[in-house]
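The structures considered in this document are given below.
Heads up, the next two complexes both have chain A, just with different partners, chain B and then chain C.
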Partner chain A sequence: MRREPPQRLADYGPLFFPAGMLTVFFVVPFATMIAVSFFQREQGGFYQPAFVLDNYARFLSLFFGRVLGFSLMLAIAVAIACVVIGIPFTYLLSRTARKVQILWLVALLSILSLSEVMIGFAWSTLFSRTAGLTNLFVWLGLMAQPQALTPSFGAVMTAMTYQAFPYTVLVLYPALVRLDPTLTEAARTLGASPVKAFFTVVVPALRNTILATLIMVFIFALGSYLLPQLLGRPQHWTLSVLITDQAIYQSNMPFAAAMAVFLVLVTLGLVGLALYAGRQKEAA
Partner chain B sequence: MSGLNLEHVTKQFGTFTAVNDVSLSVPDGTFVCLLGPSGCGKTTLMRMIAGLDLPTRGSINLAGHDITEVPTHKRELGMVFQSLALFPHLTVGENIAYSLRIRGVGKEEQKKRVDELLAMIHLPGFADRSVSKLSGGQRQRVAIARALAISPKLFLLDEPLSALDAKLREAMQVELRQLQQRLGITTIVVTHDQREAMTMADTVVVMNGGEIRQAAPPVEIYRRPADSFVADFIGQTNLIPFSADNAGRATVLGEMVEGLSIPQGAKGTLSVRPEDVQLTAPGHGVIAGTVSFIRDLGGAIETFVEAGGQQIVAVSSPRNRPEVTVGQSVGIRLDPETSVVLAK
Partner chain C sequence: MRDILNAKLGRRAVLGAGLAGVSMLAMPAVLRAQEKSLKVGVYGGFFKDSFDKNIFADFTKATGIAVESVAEPTGEAWLVQLEQAARAGAAPADVSMMSQVAILKGQANDLWAPLDAAKLPNSKNLIDRFINKYPDGRIAGIGAVSWYITLVTNTDVYKEAPTSWAALWDPANADKLGLLALVSNSFLLEVTAKTHLGGTNALDTDEGIIKALEKLAEVKPNVRLWYRDEAQFEQALKSGEIPMGQYYHDVTGLAAADGFPVRSTFPKEGGILDSGSWAVSRASEKTEEAHVFIDYMCQPAIQATLSRKVGTSPTVKRDLLDLTDQEFAAVSSDIEPIIPRYDLYQSKSDFLNQKWTEMIAG
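After this line comes the complex of A and B, so read on.
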């Protein structure tokens, strides 16, 4: 279908509403945040318009660098965990009967209706010593006595993976359903075992989808600030936790804004790098 | 025992029997076509030979070994799928080399074999192209080359040409047959296209309702169909009921017809190919009929004759154009040589 390029201003009409919404609810707040990040903080919780780099300078310390590094590492770990569990799961799901698929998808979607708080407290109960999963292991004879699994890095990872998993499946599902099932059959007739066929055909054929899923879960996990506090030790707190702390409890808006801007920049940089790497590999 | 041997192979999906007690022997180096309407079980039979489905009962032997339970990837076969199933993330060369890479063949050797195969399918220099940039016929050839890369014991093709247009399909049929004869590889093709089967096969296996109705060389299938299903499915035919008295004289459509060799007292159906129907003047010993329609196709003339409440078609070449017009009374002579008796 050939389309004429828009000629008059009125032709752009349908764009006004979304453009307006995007401006009011994204561009303006983000610009405000960037502006505030350069403001001068005053004692007593206020700030004054100014142009100082103090907020960014303060950020360039070993402590904040370590927190940023941990936040990125956690988000990447959650993204990889989600994709590693999500691909085989979704692949097997896409090969089951329609009824089974719908049941699983509805169950997964229902996780999305749970708030982060509920997920956090549910897992902290499951990982507790008194009422947790370890009691089950003791009963099964796998462990000598129940123990607390939280606070720990594993607990944070588990809960965050749990929270991001439905999104992972929802992004992977359409691509895997559309994947021609004879591709794996062809691989098997050519001498690949089912596992080998999965890794040499299914995974590479879905490379772009997998990359997109990794980026989506990564960004999703980067914003998490409740679960690390509920299930982790202070060294497991992410940059989002510190931003919240500075903005709300320390009333240091300029510093919080500077950290947020920095986080956004680093995130964009990493996503750009991932896309670039993906494109390079495709060209090779 | 060499070649491929199926013994009493049955496949059930729930209560539905897709393949029912099929036994078939395919000698080494022959080309077999499994032919039948959709849902006749031919694809299921092929999937069992490939190991993609397991038979409910029965056994499959290849070159003297029972492979009934051997998983697909250990069967050393090559298969071309209806969808072709070329790997979209790999180039033409990588697609063809896939089975070699899986088996750990060295890079140099892979490249040599790919070049050999590309030359064989008349696509030299295509190794680095993307499969998405190929035409339908080229994709077809690449799928064939990929399946033949390891010189498999058995070459299976499931409706391989159905995605091509008619002209290209006819050309590929000839090419595929020539390739098979050159390589001497045991080949099984599933098709619903009888022209395809007649063009390529040493043995045509006609299937219906999950059973083999006849397995024979193409000409024999055409000339000596085993039953009315085969006669009707392969080419055009006239199926005419008959009865015979105790002296062996046959009555066809109410006329006593001489010369047919029919067992005494038998009843059944005659299969007469349209090109074997001779139109003559009405008279004694021939079936009386009336011309109802003439279809002149240029290369052949089909004359439709109403006789005893049944329509009989006669085909003749333009040189032997019958001197008849619509509404004219004619006689139909049946040649005992070409009239096949299908017992009921």
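After this line comes the complex of A and C, so read on.
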């Protein structure tokens, strides 16, 4: 069957549903948020429709710049950690027996059923002094006395990586399963060690998949606001935490909206840059 | 007569009548509502459940006014809803329990119907601070319930109870504290001012606020957790993971009664006394019933019931209550409390929030 380009309006029919959904659930809320971000905040009350730039002006400060920088850095670090652990893991997984693969995938998918709250509380217990992992180390004779590993940057990173890891594997898995095994075999025949074959053949062949995974995990991690609160110190709070504070506790919707718009724009910019860089490299 | 008996009753008619009858029986409140009724907004969850069970039923029995309780969302969303509804001439609730900051914000827009003291004879039972007044002296709200935030400790880790809020600053408590994360619910500026700057009047000026923030910044090395989620701190306090901090006196008492190694102490500077007030929307057409309700709630007996059943601190004077010393100590203290500077959270909320966030996250 050949695919004909659409001729009549009706041929575009199947597009209307997703377009409608996108409009109702993304375009309209986002436009509302942009509108609110220009509204006038009333300190004693709520807000008034207006067109003021105060909310953006307040955001442009060293303090919020640092918070934004930290949020982006954290999201990038989580994305890289996920990919660095995810590729070897998925590569090895794709070469095991089908039964083992299914078992692992089901286990990983079940992580997705856990809410952020549960993941946060579970890790804060695991990292605690009174009931945590360090008690195990003491029992094994590796440490003198148990200590708290939270709140710390490491605790935030660990929990966020844990949370994003199933997505990483899910995106990498199809590409790695489909990867032609004769490619690595050829490399091995030509004398490359398994490690060298992995880095010179498998990784480059997956470049686009890796880029897509990085971007997906990055965006996913950028929205995290509960784990940094539960497991980090205030300097590890992301911009999403401050947005929540403004929206829920200060009822300062215009400022919260302005911060959110800024975050979305910076994210889109970074994703665009990554895609552009990826394409340039492909063209070269 | 005969004709009626012989009239053919359709199956649908029977079903319909039956359904209507059953639903009337299932909702006795609806039947009574035709006479006198009142919609009362209470914080959803624990408060609403407790009030439904322990207060509203008795009130209806005593006065014949049916109460329809409405679950209020937390934060200021309810204030906004009341405000917008009042502009349209509607009242989603006649009487609402409001936070002190929300009462002030409502006053700014004349949202609250002024209350008539003559119709509230029991209001003379109240401690003065629990009567909210407009700047011109009209009554905007009447204290409903109050609760304390105190200095709490894990008894396994701290054999001796601390006696002063100054313990928060003690270098010996490095990395041991859990404090509330927001300027508007921790009231730590007031604690700092009362403990180190001679009183909450020190916060009258911006310079005073900055000074309090600088003093408060000294506790940062002692703070392990700045919490928004109460459950997180409560669990850590019980296990001794975070053995000291600020928390709700009533909940800590309940945990201690359950056998957990925790205690709540009223420091010598006083516990933080926060409260909610009853206020009537100006759009309500039931001001008579609302007065009856608020007056009923001001009775010492009702306040005592609230203390026993809900764990709130009474808003009426101590000597009018039949609470035993033990019952009183479970919810309150005779030590002069620290009263939050609610006015600041209305007039300077953005300034306070910005400086506070910079202080703890900077």
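FYI, the second predicted complex is superposed on the first by the 274 of 284 C-alpha atoms of A that agree within 3 Å, B and C clash if a C-alpha of one lies under 4 Å from a C-alpha of the other, contacts with A are read in each partner's own complex, and residues count from 1 in each chain.
Going forward, a contact is a pair of C-beta atoms (placed from the backbone, for glycine too) under 8 Å apart; a residue touches a chain by one contact, two chains touch by 3 or more.
Keep in mind that this is a model prediction, so the values were computed, not measured.
Enquirer: Once both complexes are superposed via chain A, do chain B and chain C end up clashing or fitting?
Expert: Fit.
Enquirer: How many degrees apart are chain B and chain C as seen from chain A, counting from C-alpha centres and rounding to the nearest 10?
Expert: Placing chain A at the corner, the angle measures out to 150 degrees.
Enquirer: One more residue to check, A:Pro234. First (chain B), second (chain C), both or neither?
Expert: second
Enquirer: Contact-wise, after the overlay, does A:Ala175 reach chain B, chain C, both or neither (first, second, both, neither)?
Expert: Touch partners of A:Ala175: none, neither chain B nor chain C.
Enquirer: In the superposed arrangement, which partner chain does A:Ala192 touch: chain B (first), chain C (second), both, or neither?
Expert: In the superposition, A:Ala192 contacts chain B only.
Enquirer: Is A:Ala159 touching the first partner chain B, the second partner chain C, both, or neither of them?
Expert: neither
Enquirer: Let me test your reading of the model: by the given contact rule, A:Pro204 touches which partner, first (chain B), second (chain C), both or neither?
Expert: first
Enquirer: Could you figure out whether chain B or chain C reaches more residues of chain A?
Expert: C
Enquirer: Which holds for A:Tyr249: it touches chain B only (first), chain C only (second), both, or neither?
Expert: Touch status of A:Tyr249: second partner only.
Enquirer: Once the shared chain is lined up, is A:Leu183 touching chain B (first), chain C (second), both, or neither of them?
Expert: First partner only, chain B.
Enquirer: For the superposed model, what is the least distance in angstrom between any CA atom of chain B and any CA atom of chain C?
Expert: Nearest C-alpha pair, chain B versus chain C: 46 Å apart.
Enquirer: Quick check on the output: what are the common chain A residues between the chain B footprint and the chain C footprint?
Expert: No residue of chain A touches both chain B and chain C.
Enquirer: Sort out for me which residues of chain C touch chain A in the complex.
Expert: Going through chain C, the ones touching chain A are 75-77, 80, 83, 104-105, 108-109, 175, 181-182, 184-185, 224-226, 228-229, 232, 236, 239-241, 346-350, 353-354, 357-358, 360-362.
Enquirer: Under the touch definition given earlier, write down the residues of chain A that touch chain C in their complex.
Expert: 41, 43-46, 58, 63, 67, 121, 124, 128-131, 148, 151, 229-230, 233-235, 237, 242, 245-246, 248-252
Enquirer: Looking at the complex, which residues from chain A come into contact with chain B?
Expert: Interface residues on chain A, with respect to chain B: 180, 182-183, 185-194, 196-197, 200-201, 204-205, 207.
Enquirer: Okay, in this complex, where on chain B does chain A touch?
Expert: 50-52, 71-79, 81-83, 85, 87-90, 98-99, 102-103, 146-147, 149-150, 156
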